[in-house]
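Take a look at the structures listed below.
In what comes next, chain A is part of two complexes: it sits with chain B in the first one and with chain C in the second one.
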Partner chain A sequence: MTRVSPELAARMKKAEGFDANACFHCGTCTALCPLGYKILPRKLFHDAMLGLEDRVRANIPQIFSCLLCRMCEANCPSGVHITDNIRSLRSLINRQVFGLK
Partner chain B sequence: MSAQKIGVFTCHCGGNISDYVDVQKVCDAAAGTEGCALAKTFLFACSDSSQEEMMEAIRTHQLDGVVIASCSPKLHLETFRVMAHRAGLNPHMYTQVNIREQCSWAHRHDMPKASEKAVRLVRAGIARASLSRPLENIRVETLPAVLVIGAGPAGMRAALALSDLGLTVYVVERAAEVGGRIRALGKLFPSGRPGREIVARLRDQIAGRDNIVVYTNAELVEKSGSAGRFAVKVRAGQETISLKVGAIIAATGFAPYAPQPEEFGFGLPAVVTLPEFNELLTTSRECLRVNGRDVRTIAYVYCVGSRQSEGNQYCSRYCCTAAVHAAIQAHEIDPELNQFHLYRDMRAYGRNELIYEEARQKGSLFLRYDGGEPPTVEREGDGLLVRVRDELSGGDSIEIPADLVVLVTGMVATSNQRLLDVLKLPLSAGGFFNEIHPKLRPVETVIDGVFIAGAAQAPKNLAESVASSMAAAANCSAMLLKGHLDRAPLVAKVSAETCVWCGECVKVCPYAGAIVEVERDGKQVADVVPELCKGCGACAAVCPSAAIELEGYTNAQVTAMIDALAAEVVS
Partner chain C sequence: MPLPIAPILGIFVDNVRKRGSVLPLSKRTATGWARGLDLPRGGETVLYTGNVYQMIPAIDAMSTQMAMLENSFLTRFFGIGRLVNKFVNMSFFMGLTASSEKLRHANRVLRDIVGLLRNAGVEFGYLYEDEFYAGALLYDDGLDEAFGEHARRVTAHLKKLGVRRLITVDPHTTQMFRQAYPRFVKDFDIEVQNYLEVLAQAHPRRAEPADGEVVVHDSCIYARYENICEQPRELLRAAGLSVREPELSGKSTHCCGGPLESLFPAEAHRISGIRVDLLEAEGKNVVTMCPFCWVNLSKAAGDRLVVNDIANVLAACGQRDHRAALKAHVAEDNLVRAHGVA
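The block that comes next holds the complex of A and B.
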């Protein structure tokens, strides 16, 4: 059981450089990720947008290990800017979790 | 006058028949049957060249009856009746024998028996043809007026179209005001125009027509007559009004699904249905408030009352789009809202996809639930808590604290027993009016002259409701503008001499008013009203005095056919 944080959901809507609305969950990105992370990036974006804070926190190592290789992004049929989203998430986590300015 | 010189034409149907029936044998048997003046076979009897050849044969041999042994009369009875007519024969001197569906297709395993059966059927056909009489169609003068039941958008739009075509229209509305379900609604997809405005516009247009009469607080209470000439009674308030119309359109609409107590938390404060939410949107400025609290988070539960495993199994079509459209309006009122949509499948089809896309762009979030494991809604503190297993998050249970839960309620059929008793329309499994054929005859019903339009037929959005009402209007005018209707003359006929007016026939006749009591030569006898009789033959079968006969299937014809069927076939 994990709980929606309306605050995080609201923050994600405004997070600079983050936009995954066009994603229709085809799974191309997950299949192509060379690191083989099941969570990246499609489910991660969904969790972040819903404001599932626990799950975003649990995936911090994966978020920071992403190679930004853009294998997924180049093949996303919906044109989601996947690596921009990862960067945006990293910056949000740096501020919120690690207290970096 | 009965047929003495009958032409019998047997068809191969390009192998469909001849692969399993010995067509030559059938032709030879026909040639040897009394009354047959000419027997031939054809590869495809329905082809143009074959029809030309048959017409030529009818003229040169002066045939007075024709039998074609081919496919089902459902397929080509009319084709060949027209052919006979073009060759100068009365179309009712033609008899079709079905040796395809009833012989070759049914008995592929046994060619000799299939052929024998074909011979018997053809002999019976010849027997019928030899006792046929020329018959004339029954002509009904039609009335240039239409009754429209229900003044929702479908009924109002149909009334205007019929008025444009010059027909007089009587509109009967049960409620105190016209406009149907959209009368009280705010902005509607796809254009965003409020329902109130659409209704006001239609109402004004109708008010400007002198050939449309609208009765409100009114209901249809009686109907008699038949297609082209109905007599109806309408109760409007205390008054009962008698009207004469040629056709009827039932556009009685739908009712929004009313959730059961506790269904998805229904009954809790701040759990509302889609119509209630539409009302809230109409009255809100800058922020949504429910029960004195500001709304920060909305959760929508889709498919409430639709797509149930038991009960309403259909999809209500309009609700996915109406819900995402409502979410866009909510966003416009308060862009800070969090909106979570718990859906099963997103059916914002066609161009409505763009409305769904816009909702996502404006921050609406979508979680997908499985119909077998629906979300739950309960009270949590001052607010609500929604639990859902989200398939898009890998089936995890997710809790959403919400201030408002919108139940995306579907459409159900209106309860309309009184109207059903009067019109006798058949219903579909969901309780909506049934059409004759969902693809090819979508607004006609089994009751000739009664059409259906709008959401009374099945869940429909506004555009679809209006499109079907236009189709119904076109069907009515196609029927009425010609001024008359021709009906097949295959109806029951009473012999006044033999009839003893026992009344058995009236008891079995399924069509009200088709058999009446009249006085002939000083005695009471039964009489058939040809416009109302459908030629089912129920009365002819029960009459103990054999006083009733069915035209085209007289007692003499049927007896002769039975004799022919039973006669020996020598192989």
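The block that comes next holds the complex of A and C.
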């Protein structure tokens, strides 16, 4: 069973720098990612936008593994600011999960 | 167990808040490279190293130690490590195991950058111990509050010193000042140029026909964040070298793995290994433009490639026998003594 957190979904909507609405799940980003993790980055954004907190928490290592190399962003046909989104997720986790400011 | 993310990031935050840098350096390590160069202190235009090249030996030592700890039971004690670090600067002990060879390399790069800018007729000062790390690791890891505080502190400090223009020497510091600071510091108005842009603008004289070739490895930050792709190629060609492009170069460059060194060293090594294979397919003499690329690719390549920083390559081309000069760089001998750097 997947638990939905409306709070997380609301926070992602308001999070500064996070915007993945234009993503139409073409998979270019996942295919180009040098790390080769299937979760990065589109499925991750999808989980965060839907408020699937358990899945986001389970993928913390992948979120902090992103190289921020922008290979995906430079080739995204929808112009999603992928690295800003990753930074936003990291910032959220730092505050909400790690208690870091 | 994998390395614990929270306490490691916590140490970065504590170090920046308490000691001004994620990896605090001694004054000697941070400014020793400028000894004997007679660089004026301060001024409106300054060369800004952000202490990044100087940090490389300690970062390299740290990543080696982290790689040993990764997946060991000792990862459980990182929380205690963070607590101790609040009172005792743990990076001092990491610095003790840093390679003096790598510090000499970093110093040579910075000294060569000074030489190249002077040859191009550029006038600038240096802030010596008044220079701070720009905060890239905090920004990249989403430590926004700590980064914002640090960025405002650094900006106020630069303004107090009367600095109006920065000439940066590495991609990460360039990106911080050009893209991150304006987002966190109200009315950030310090002009920022990278030294490769400054040199390319100076229209370097074309040297004699090429008698050497280099494989270019672009930094992700230069290529995809800062649009610095053509300048290094232009400078290398003007220095008389033939430039070879590996698979995935320019705007499509492949990461060296550097960003993962502190949290996921094994993954960093895997990524740098992939890049070394791509570079090797095109040639043996590789040119990097970022200190992290240099250290990661050198480590991954071992004896398979000769990896030099672009500043060393351009400076060596200005010498009569640049092939010998470059060999000397790699062998850690003649140029070090010629510059008189310990």
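Here is the rule we use: the second predicted complex is superposed on the first by the 101 of 101 C-alpha atoms of A that agree within 3 Å, B and C clash if a C-alpha of one lies under 4 Å from a C-alpha of the other, contacts with A are read in each partner's own complex, and residues count from 1 in each chain.
What we mean here is this: contacts are C-beta pairs under 8 Å (C-beta built on N, C-alpha and C of every residue); 3 or more make two chains touch, one makes a residue touch a chain.
Keep in mind the model is a prediction, meaning the values are calculated, not measured.
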Superposition on chain A - do chain B and chain C clash or fit:
fit
With the two complexes superposed on chain A, say which partner A:89 touches: chain B (first), chain C (second), both, or neither.
second
More chain A residues in contact - chain B or chain C
C
With both complexes superposed on chain A, which partner does A:52 reach: first (chain B), second (chain C), both or neither?
first
Kindly classify A:98 by the partners it touches after superposition: chain B alone (first), chain C alone (second), both, or neither?
second
Check the residue A:34 against both partner chains and state whether it touches chain B (first), chain C (second), both, or neither.
second
If we overlay the two complexes on their shared chain A, which of chain B and chain C does A:78 touch? Say first, second, both or neither.
neither
Distance in angstrom between the closest Cα atoms of chain C and chain B, superposition on A:
23
Identify the residues of chain A that lie in both the chain B contact region and the chain C contact region.
none
What part of chain A is in contact with chain C in the complex they form?
34-35, 60-61, 64-65, 67-71, 73-74, 87-94, 97-101
What does chain C use to touch chain A in their complex?
2, 5-6, 9-10, 13, 139-146, 220, 224-225, 251-252, 254-255, 257, 259-260, 263-264, 267, 271, 274
Which residues, counting only chain B, touch chain A once they are in their complex?
296-297, 336, 338, 340, 360-361, 363, 365, 367, 387, 390, 392-394, 396-401
Which chain A residues qualify as touching chain B in the complex?
1-4, 6, 9-10, 13, 21-22, 25, 43, 46-47, 49-52, 55
